[in-house]
């Protein structure tokens, strides 16, 4: 088997995650999908580091994780406060971008 | 490194603008006096420029040059030739009168109207406009010029949109909507022009590699910079379009009547007597200076357009019911004369055009400001609302008449000299156009006298029966202007002496010689 | 083991592992997207992540594999579950689409993107894998550390700052400042009287001895449950258990048995139906 | 001595400035300042005249260079004054008659509260007129030319509260502007032809110029002359100009300004001599106008309008003479001067009559006034005799010479022109006699009835002071008014004789205009005889019509010609229909076009953009997810793009 399959898998997961982001209305689930996309990227990074034979890819994946962690923390905090104010975790309820 | 006189001349009003705006709201009068002082100071500086300028000397004098944006070869280059000096003087002379005439235009409205009128803002904006106009008369770097040519629009926009006549026929609401319409129209027209010019400016940089007017002109002269004919023409059109909008030339003129109609008289004067001059001035300096070939190529079309402006503007002026609109269309007709003089490519034409810019500034100021005083008294711009004013306010009527006579370029008043020069200059090369343009003087007489007859003569309308005559402040505004008109009409030599050498340079730019008179040609 | 990993193609063992776990990962991802309940999504996502952790390990990223399990599945997913709990474990959001054409557009874009991406990877012609053999020669963690603390030290520091900021931010966002003094009981009662809605204190839940859980609505005299008796949070999550019917049915069963013992003519054994159900 | 020339102009100019700027505090003395300064100018004129007489004919041209006016590359306009016999003549006429009329106005405008301004305008006029005749180049002449136009505008519209006056003033200025257009084009032509427009160079190089150019210049100058001198086709303004105060009519619209056209033609003699076609045009215009004016004069009942018609026709004579070339120039000027005397006198007389008759202008409401205002009667009568060319009086000499010259032109032209001139003489005799009879003879039609008929436009507002609708009490005017009339009457009696005995005037002007005796097909005696016959006929008809039978107080319907003549031979109606109406329609449609078309395009574009953006707004539904879709789609596109780049 050629390790490039890992990349195909990563692409597949990323696409699924992205579609999920677009389809789901529940903010939490949307977030999970984002996490999924990030993980897909990480997988790709790791695979690349194997491809190039150096660890930079893994370092990047590491950073991605850190950033993802931070993002999740803030994101969830936002969700919680949103839920408090409007008793709902649906992204469409926050359709305030309309003029 | 001598004292940067030109920079100072433009910087003083800029600083003054900031200072005026900073005056606390309560100290309204202080702001007015400050603005007046600043404008007078600028006048003093301008006069110094006038004195320091040596007509016999180099083409561009009092030059300053500093690197500004070195990556794009943009330099802060100032310098004045005779034409620039004349127009700087005009601007510096007019602004104090404008300030003085607008003394009460920005006072807070009487009770009942909620609109707060920021007096400080009004005068600050006027000074800002002056600063920008002065810079654009001084700039010899195309980019520098462009920036201020465009930046001018911002204060003008607020002046037009923010301050209208005190009283209005259809009430405050309608007034403000019409004002904003006029302001937006003004802005859009000039922005479009400016954008096209920007493209041309960039194109010029691509072709020439720098923005310096002198360097490019020299390079073109000694052939080291070659432009493809088509390129030159496109660039020329880009520049000319912007200037034609500003000037304004038919059919790009429709913003002017709205703008002048809706803004207060001093602002209207600021538009047509000062700001629009930048357009015609730029035609002389940039269109002819940078693209002589293309200018020669475009001359016939432009002359025809100018001719149309002359006749068309005059005819529409005859048809107007609104005093300010009438003056606006008259100005369009006059700008037609100026542009015609510039592109006739004869010494008389171009000297005449330059002289025309100065004289038209003064005469329109006189007429428009008096009209403003009249309107502020009756609270209406409609000609039909007046009648017999001459009986109750003879001085006002008299000054109004003199302004009108200047507008119809009566011999002995300044505009005659320039108008005749333009006509002669055109006639020597394009007789037919010259003759048709001469009809303009009849039409001018028509609209001026009709205006005077309908407003000033006839039985006294009851509404105007209690109209007070000119106050001292207003006399201080009009008197000097009229004196200036008469003086320049009888003895224009001071101006022509400054202008002639510059015109000689321009003529050599476009490689044109005056046609010889038949008699000498025969010999 | 790193020797085999360095090889150009992978061992059959890894291939087997990939195909099996890969399928699991994709299924997990799909479940994450399509599960009605957030909890289920979270759990399936956790599964996918664990699979990914295994893949990291297989790819020679031992440190990351562990971190993946510890940080992601351990911390982040737990955080998710906490939030889900706050918002309501069983709160199911319908998958019915509200924006016109959104779903189809989304699928179209998704498929298109995926196809393009895979195609891109396909024609990137990645053949020769260097493998992480000598990169991991003296330990994967040491290698990473060497990179992080030399080459990427600034990025590392900045991530630190980022984390701090995120933590503080989360606190600021979620922390509720009480602006005005809490209302006393007296004021509350006065307010209730003023507004004239439900003056007496709220009834207690679970009125039967055998059912006194907070999530059971007390019954009104006619045997219908009253929402008022259950706490607001539970109500919002829609987590009220309704026992009114079976309680009454039990009672009836009891009566029946006693009648049988007393040899009475049996009443027809029909179970009690809630009035509204009867009306259905 | 040259220094004095500038003073000629400076004096009245100063007067104008002082009076107009001075303000109310000068109201008491203003009129005297004006009169004084114009008289001063007259005195300077006399001094210069004496000086000129002292020199011999060749050296009688003085020039005074004041300053260089418009110095531009290849274009030199200087303020230079030139005094030669021709301008000297005019200077004396202008300042002399002008001063007299100033004096007259002191009395005439006595009750007008704006008298100071009136004198200011009068002085302004004098200055401009003097500049006109003293200028050394055409551009400077143009300044004077328009200056007198302005003065006449101000003075015609002096009673601005009367709409009729304001309109008349405007009309006068506009019609004149058309003429001025001709002048300016002529100047441009000169500039392109000779490279200058100063008299010296232009006349010097006439020989080198092409025929076509010269003809064009000539015609343009003629156009200018028509405008200023109220010649057909630009004559329509003169009649309305009578709205002005009578002294104005006397000075500007009879004696001086309207003769500027003649001056222009005679001054440009050199050009015209070289352009026969232009000359022919001049003569034709002159002939047509002299008949036109005469006919109009016959029909008018308004005394001033009748006199205006006569002015028109008299100037027609001058133009005709000027068109005849060297044989006519001198006589044109001579008739101009004598006409200046008697026509001014007649107007002043008319003014005095109106002054006595509550400003009544309708001659049908006069009659038998000779008993009440003897001085006016005598002076007016002398003027009358002079204008109809009664033997021995000035009109006789000058007009007779012109008629001779017309015949002397020779050929059919000569016969036609001469015939026209004779006919004109006859008609002149008729309408002047008519005026005379209707005014001073016959029964007193003003008795027992308020004068002002509702229709007739009221004249001077000063009338209020003199009892509006009461029955008029005809009375002689005060001394200050009669003295000028007497002086002018003397002038109109003796002037002609003084000039022509020994051809004084001829020799005086010859150096400037040149002179040549035409070979006339008819002898001078025959011409004189013919003139006399015409005169008698004219007078006889007039007597038969107005002397014997009483004059109806309301005008009879009259023949078609009469009715046409009352309306200036329908020329005004033509103007109104063609120019005014047409112009109104043109402007109105243009205004509409400007708003709908030129502006519409722009606004349309704006509206289009507005609509477009309104459509685009729909896509911004505010749902984060749909934005996300577009982002994702964009990302997909980017990937596709990169792949394509790879592939290519």
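Going in written order, the chains are labelled A, B, C and D, and every chain counts its residues from 1.
Just so we're on the same page, a contact is a pair of C-beta atoms (placed from the backbone, for glycine too) under 8 Å apart; a residue touches a chain by one contact, two chains touch by 3 or more.
These figures come from a predicted structure and were not determined experimentally.
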Contact steps required, at the very least, to link chain A with chain D come to 1
So which chain ends up in the middle if you average the CA atoms? B
Between A-C and B-D, which chain pair shares more contacting C-beta pairs? A-C
Using mean CA coordinates as chain centres, what's the gap between chain B and chain C in Å? 73
Chain-centre distance (mean CA atoms) for chain A and chain C, in whole Å, is 16
Based only on mean CA positions, could you tell me how far chain B sits from chain D in angstrom? 37
Take the average of all CA coordinates in chain C, do the same for chain D, and state the distance between these two points in whole angstrom. 105
So which bits of chain A are touching at least two other chains? 18, 22, 25, 92
Among all residues of chain D, which ones touch two or more of the remaining chains? 621, 623, 625, 629, 632
Touching two or more other chains - residues of chain B: none
Which pairs of chains touch one another in this structure? A-C, A-D, B-D, C-D
Parts of chain C lying in touch with chain D, wherever the complex brings them together: 99, 102, 105-106, 109-110, 112-113, 116-117, 119-120, 123
Please output the residues of chain A touching chain D within their complex, sorted ascending. 18, 21-22, 25, 91-92, 94-99
For a test of understanding, state which residues of chain D touch chain C in their complex under the given definition. 621, 623, 625-626, 629, 632-633, 635-636, 639-640, 642-643, 646
Contact footprint of chain A on chain C as seen in their complex: 5, 9-10, 12, 14-15, 18, 22, 25-26, 29-30, 32-33, 35, 38, 41-42, 45, 48-49, 52, 55-56, 59-61, 63-64, 67-68, 71-72, 75-76, 79-80, 83-84, 86-87, 93, 95, 97-99, 102-103, 105-107, 109-111, 113-114, 117-118, 121, 126-127, 129-136, 140, 143-144, 147-148, 151-152, 155-156, 159, 162-163, 165-167, 169-171, 173-174, 176, 236
Of all residues in chain D, which touch chain A in the complex? 617, 620-625, 627-629, 632
